[in-house]
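The structure under discussion appears below in the form of structure tokens.
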Amino acid sequence: MSGSTFGELFRVTNFGESHGPAIGCVIDGCPPGLALTEVDIQGDLDRRRPGTSRHVTQRNEPDAVEILSGVYEGRTTGTPICLLIRNTDQRSKDYGNILDTFRPGHADYTYWRKYGLRDPRGGGRSSARLTAPMVAAGAVAKKWLLEKHGTTFLGWMSALGEVEIPFESAEHIPHNPFFAPNAALVPTLEAHMDALRKAGDSCGARIEVRASGMPVGLGAPLFDKLDADIAYAMMGINAVKGVEIGSGFGTVQERGSQHGDELTPEGFASNHAGGVLGGISTGQDLVVRIAIKPTSSIRLPKPSIDRQGQPTVVETHGRHDPCVGIRATPIAEAMLALVVMDHALRHRAQNGDVQLAVPPIAAARPGTP
Amino acid sequence: MSGSTFGELFRVTNFGESHGPAIGCVIDGCPPGLALTEVDIQGDLDRRRPGTSRHVTQRNEPDAVEILSGVYEGRTTGTPICLLIRNTDQRSKDYGNILDTFRPGHADYTYWRKYGLRDPRGGGRSSARLTAPMVAAGAVAKKWLLEKHGTTFLGWMSALGEVEIPFESAEHIPHNPFFAPNAALVPTLEAHMDALRKAGDSCGARIEVRASGMPVGLGAPLFDKLDADIAYAMMGINAVKGVEIGSGFGTVQERGSQHGDELTPEGFASNHAGGVLGGISTGQDLVVRIAIKPTSSIRLPKPSIDRQGQPTVVETHGRHDPCVGIRATPIAEAMLALVVMDHALRHRAQNGDVQLAVPPIAAARPGTP
Amino acid sequence: MSGSTFGELFRVTNFGESHGPAIGCVIDGCPPGLALTEVDIQGDLDRRRPGTSRHVTQRNEPDAVEILSGVYEGRTTGTPICLLIRNTDQRSKDYGNILDTFRPGHADYTYWRKYGLRDPRGGGRSSARLTAPMVAAGAVAKKWLLEKHGTTFLGWMSALGEVEIPFESAEHIPHNPFFAPNAALVPTLEAHMDALRKAGDSCGARIEVRASGMPVGLGAPLFDKLDADIAYAMMGINAVKGVEIGSGFGTVQERGSQHGDELTPEGFASNHAGGVLGGISTGQDLVVRIAIKPTSSIRLPKPSIDRQGQPTVVETHGRHDPCVGIRATPIAEAMLALVVMDHALRHRAQNGDVQLAVPPIAAARPGTP
Amino acid sequence: MSGSTFGELFRVTNFGESHGPAIGCVIDGCPPGLALTEVDIQGDLDRRRPGTSRHVTQRNEPDAVEILSGVYEGRTTGTPICLLIRNTDQRSKDYGNILDTFRPGHADYTYWRKYGLRDPRGGGRSSARLTAPMVAAGAVAKKWLLEKHGTTFLGWMSALGEVEIPFESAEHIPHNPFFAPNAALVPTLEAHMDALRKAGDSCGARIEVRASGMPVGLGAPLFDKLDADIAYAMMGINAVKGVEIGSGFGTVQERGSQHGDELTPEGFASNHAGGVLGGISTGQDLVVRIAIKPTSSIRLPKPSIDRQGQPTVVETHGRHDPCVGIRATPIAEAMLALVVMDHALRHRAQNGDVQLAVPPIAAARPGTP
């Protein structure tokens, strides 16, 4: 039971290793009739793929997706959609020395202890490369949610190491390699990364991701709260160490009189809740932030042990992202889309398609909490 | 599909509402042969129950648990264990006025939009009272994990509103109503709460919870990472808005050279990872922190709307915790125990009972990351 | 993982043992707004309960159901519905001698080997008494399906041992203790049972159960075929050894030219398929038959072994049904209703509530295949 | 939620359509360390594949399997195993006329009603071709079960239409195209098929499949009984209309004194139970029989309707099996192996690897019940 399926009703089963012949996923439960071709998916894959700037791994893969099933004459049939991405640039020699040692901060030690053996090539199953099929599946979810509910997803980087990135405009995000919503800060970010690379070190990042145009009523009261499933999805992304919704950790120091978002005939007056109350979506923007740890694979030598328990020193060469957070934005968007998609289907299983007659409450107001 | 079952192999199905006749849960998948009586469960329930100090709700319930099934002559039989807790102090009149209005920060609005109707008595299903069956189930998991693996769980409050609570000693925790690991600060906390109550307001809190004596190898590579399931479990607790593991959000500003915990022949030299690498337990302490929002039910009046979308003002009387975080410590322990329990069973499903022959690496070192 | 939850979206978790304090179930995922009281459930429970004629066990229990949660002011709220049935007539002494020996045909041996211990009182978890909560849950499903889709369920006995019971009229079914659709045969059935009881032996039975007014399109192409889930549900009933749909085993000797049901503008011209094609409902009646083995608990002595592997002889006294098939009819109806209910929710998760515009094909024609 | 995943812990997710680019499956939860190459899988695929005799479809495909993930240096790693089979002989033109009409006995009508559209090429997802990935996954399960428990699987044809095939010897099975355990009857079976083909018609079949060397204690008391999961697995195979275990429908006419298998110090004295008591394996052979309906695609013209509900006549040309039961034997073996595999993992999740100390009861005795 290796935990490779995401979702209850829009089920995505992920397979593959970094340096095997292929990676991919099978989406089970997609509604029929959705117009879908590889073009709909490739866009988000291109946003995530390596080799697009000098600040990410120089592994060079087109990440071209092939739809193997579930689509007939350009429309989903309601049966499983298999998405395949061939691995084309596996230089296994880069990783030869890691078979016998455990890189600090890596999954080497835990995989070996869990399974008794591991695929060391490029990190095998623990590689961030396995997020590519999730981005592909997320693109399918995004398309259905946009067409059905008008829901959209947007992520950006809000901190790169100690550099805070104030939100200026969503228009800046696609025009720099950091997904930064602030054009003026891009030279600072470039300089920060160049210095890190020169030092052979790596840094963390914070990503913010939002869903707008949310249907009201998604989520469940107890365990499968919408925010609980978001936390699960986000913490499942490689290198994520923290997740917060709405006010998040800031809520510790808030007062109830301040935190509880007022309802007005025109909608909620604020969004400290981050779009979820009692585990169920309010219709406001979902507001999610995640903390991403610094890349574990660094050039600087670090003491460790080998499989015999003897001391050794590990230096990681090869091609690595000096900040894995840089490519995390489209991944976080995809995971959020998968959660919302799954809950949209779950909601209509129990409650049907018909929306309740509701008073004219404007669903959402933009802006941070 | 209302999301009321937690876990894959140690499955806990929760039922009940705050003011219905009873709450409880069914545990399916418990290993047979575990010695179990109500006494094993009542202790943690008593730590969580209301009415134990002036700082929590004055609702007065014994929360006495009854084992209805799955135990024969004091041992679990491997079949479902039903735990029942009768509700005995429901004063429905306290909540009469909330049927038609939506309390800011509450689930009133979202339940009504999702289901078209709701049980308003005491918050119905959204009440924190529904954490009692989880604490009961967690006590069963704790007992098995202690006997089988020697694993223990410990939680405490690390911040009450703006008051930070430095860790002094675990010995202080059971001796104050806040689960504070610092005796000297208790008067400050008491004063803080008294002022809040006088003001008719509420505040947030931060809880830390740890598992020690962890088996190595629990978790799964991709989605069902141990930390992802922890995030899901914690964010599923009422009022939680943030979860972090190990360095958590602090990791954003760490360097890779600093964050990656060194392995030595005597064990890991630090625990920035919080006990999880690549989604799998390292054997070190699991280190988890959660942010809890201020109670939404406050005496101060707040503007809101009614079911017709018309403006109104909400004042909440009745019995409420001015800081829901105060009773959250045993809940967080229980949820962490349920996650570890489930993964312990999942691990042996795939890998069997036999431990790998391993070099003598000390598994854990105490202390914060 | 003791397999006590039935269904994916209308999830029924069953708990209890024959001679414990109570049995019951938790229904998770019930659509909100369904009018529901104990009265809606008690009717089917009364059809199933023991002690109603001299041909079934003389255990005398009212099987009174109590709704503990999930219903507010007579309507389901969408949250878990806990149904509790207290055990009131446990005469444990009847079963004292079976703790150390294995009754032939019983679960005694397998439970002991699986779990290392077992609750021997009345068969513990293996007792047919555990079908009562399924009948209760089935009553909820039946009510929703009737109101939403007009679907109805009807079962009857079609063979008692070697006595075939030709279908005369559904009107006879409620007027005899056998659920026989043939009044003229009732004296024969009475005589058959009296002879068996005198001989201290037991016999098998065949039950037929149908759903009429079926929605078209329920089921899934591959594994979760509607008929596959029906087979799973039926074979899960105590003592069932065979399941067939439509022509069933008779299909082995049919020709394709004969078996394939013709479609006409007025509907299907026959129903060899039993209401399912390719795993998906056609809208015709679901036609299901099950074979039930003779009760294992008989008065006649049988050789067996004890827990030390030594030969012994087992005679079972106490209160037993000489044909467990007699009370199986309402159980089979309930299980069929649960399958249809679950697939109704699954269908609308993926396909929404809206029915396709279809040509005027009459959905069903009555009559056996 | 299109029901394309089989199993709880050894989870097989199937994808593909008859005439798409590829079919395949992803196995999640396979224990690590199992030696596995394509050769281990290809053998069973070759037993199932088309074109091997004149009595099955002349579609000519090598059904060559490719392992895309989950295996490193010839051993399973514990991560998902993706098995891919490219489709190489899709003659879509053969099926052009079926887009607008509904073939009697086929899934054409139900798919169209469920999804609003369908892939008509070769039956799309409803094609028996989709059993190939199940056979592949079953081969992996068989290998693990053989190595771990010594369990083996054997199926055969016991009736072809009205021709009963008495069991002579397992040695005959691999030496004729029918999987018949009786060499003397093969000419009769050949003649039967030749006559059918000449007539443009098709016939049904009955298959028996057994597991020997079964571990004791697999299965669960209530819903996930081993036999219930077997029924689900078997009824999920294309064209299956009936399933029975042990005495099956014959049990209706048995007496309790006859049916209950005696236990002796040397083992059970008979096997009417078919290897399952109370839903849990006894250690005896699992004995399963299934009824397979005649192929729906026949050359003989049949009246039907088109998508506008107008009368039409359907004649199916193209390449079809005149008896789909002929190739069903390896499929039934594979499905039985998948059920046993899943329950083997589920058992050790709850009960661990250690076998109970048991008295020397010989587990199984061969022979029909």
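To keep things simple, chains are lettered A, B, C and D as they appear, and every chain counts its residues starting from 1.
One rule holds for everything that comes next: contacts are C-beta pairs under 8 Å (C-beta built on N, C-alpha and C of every residue); 3 or more make two chains touch, one makes a residue touch a chain.
Worth saying up front: this structure is predicted, and the values here are computed from it rather than measured.
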- Note on the structure: A correct list of chains touching both chain A and chain D reads B, C
- Note whether the interface between chain C and chain D is symmetric in residue numbering, meaning over half of all numbers used appear on both sides, and answer same or different. same
- Message: As a test of understanding: of all chains, whose mean C-alpha position lies farthest from that of chain C?
- Response: A
- Where the centres are mean C-alpha positions, what is the separation of chain B from chain D, in Å? 45
- Query: In angstrom, rounded to a whole number, how far apart do the mean CA points of chain A and chain B lie?
  - Reply: 26
- Go ahead and note the Å separation of the Cα centroids belonging to chain B and chain C. 39
- Specify, in ascending order, the residues of chain C that touch 2 or more different other chains. 1-5, 8-9, 14, 29, 32, 78-79, 114-116, 125, 221, 345-346, 349-351
- Query: Quick one: in the complex, what on chain C touches chain B?
  - Reply: 1-5, 8-9, 11, 13-17, 20-24, 26, 28-29, 32-33, 66, 68-70, 72, 75, 77-82, 114-119, 121, 124-125, 345
- Residue ranges of chain C touching chain A (in the complex, touch as defined): 9, 29-32, 78-79, 221, 345-346, 348-354
- Task: Would you pull the chain D residues touching chain C in the complex into a rising list?
- Result: 1-6, 8-9, 14, 102-107, 109-111, 113-116, 125-126, 130, 159, 161-162, 201-206, 216-225, 227-236, 241-265, 272-274, 276-283, 291-298, 300, 302-305, 307-311, 346-347, 349-351, 356, 358-361
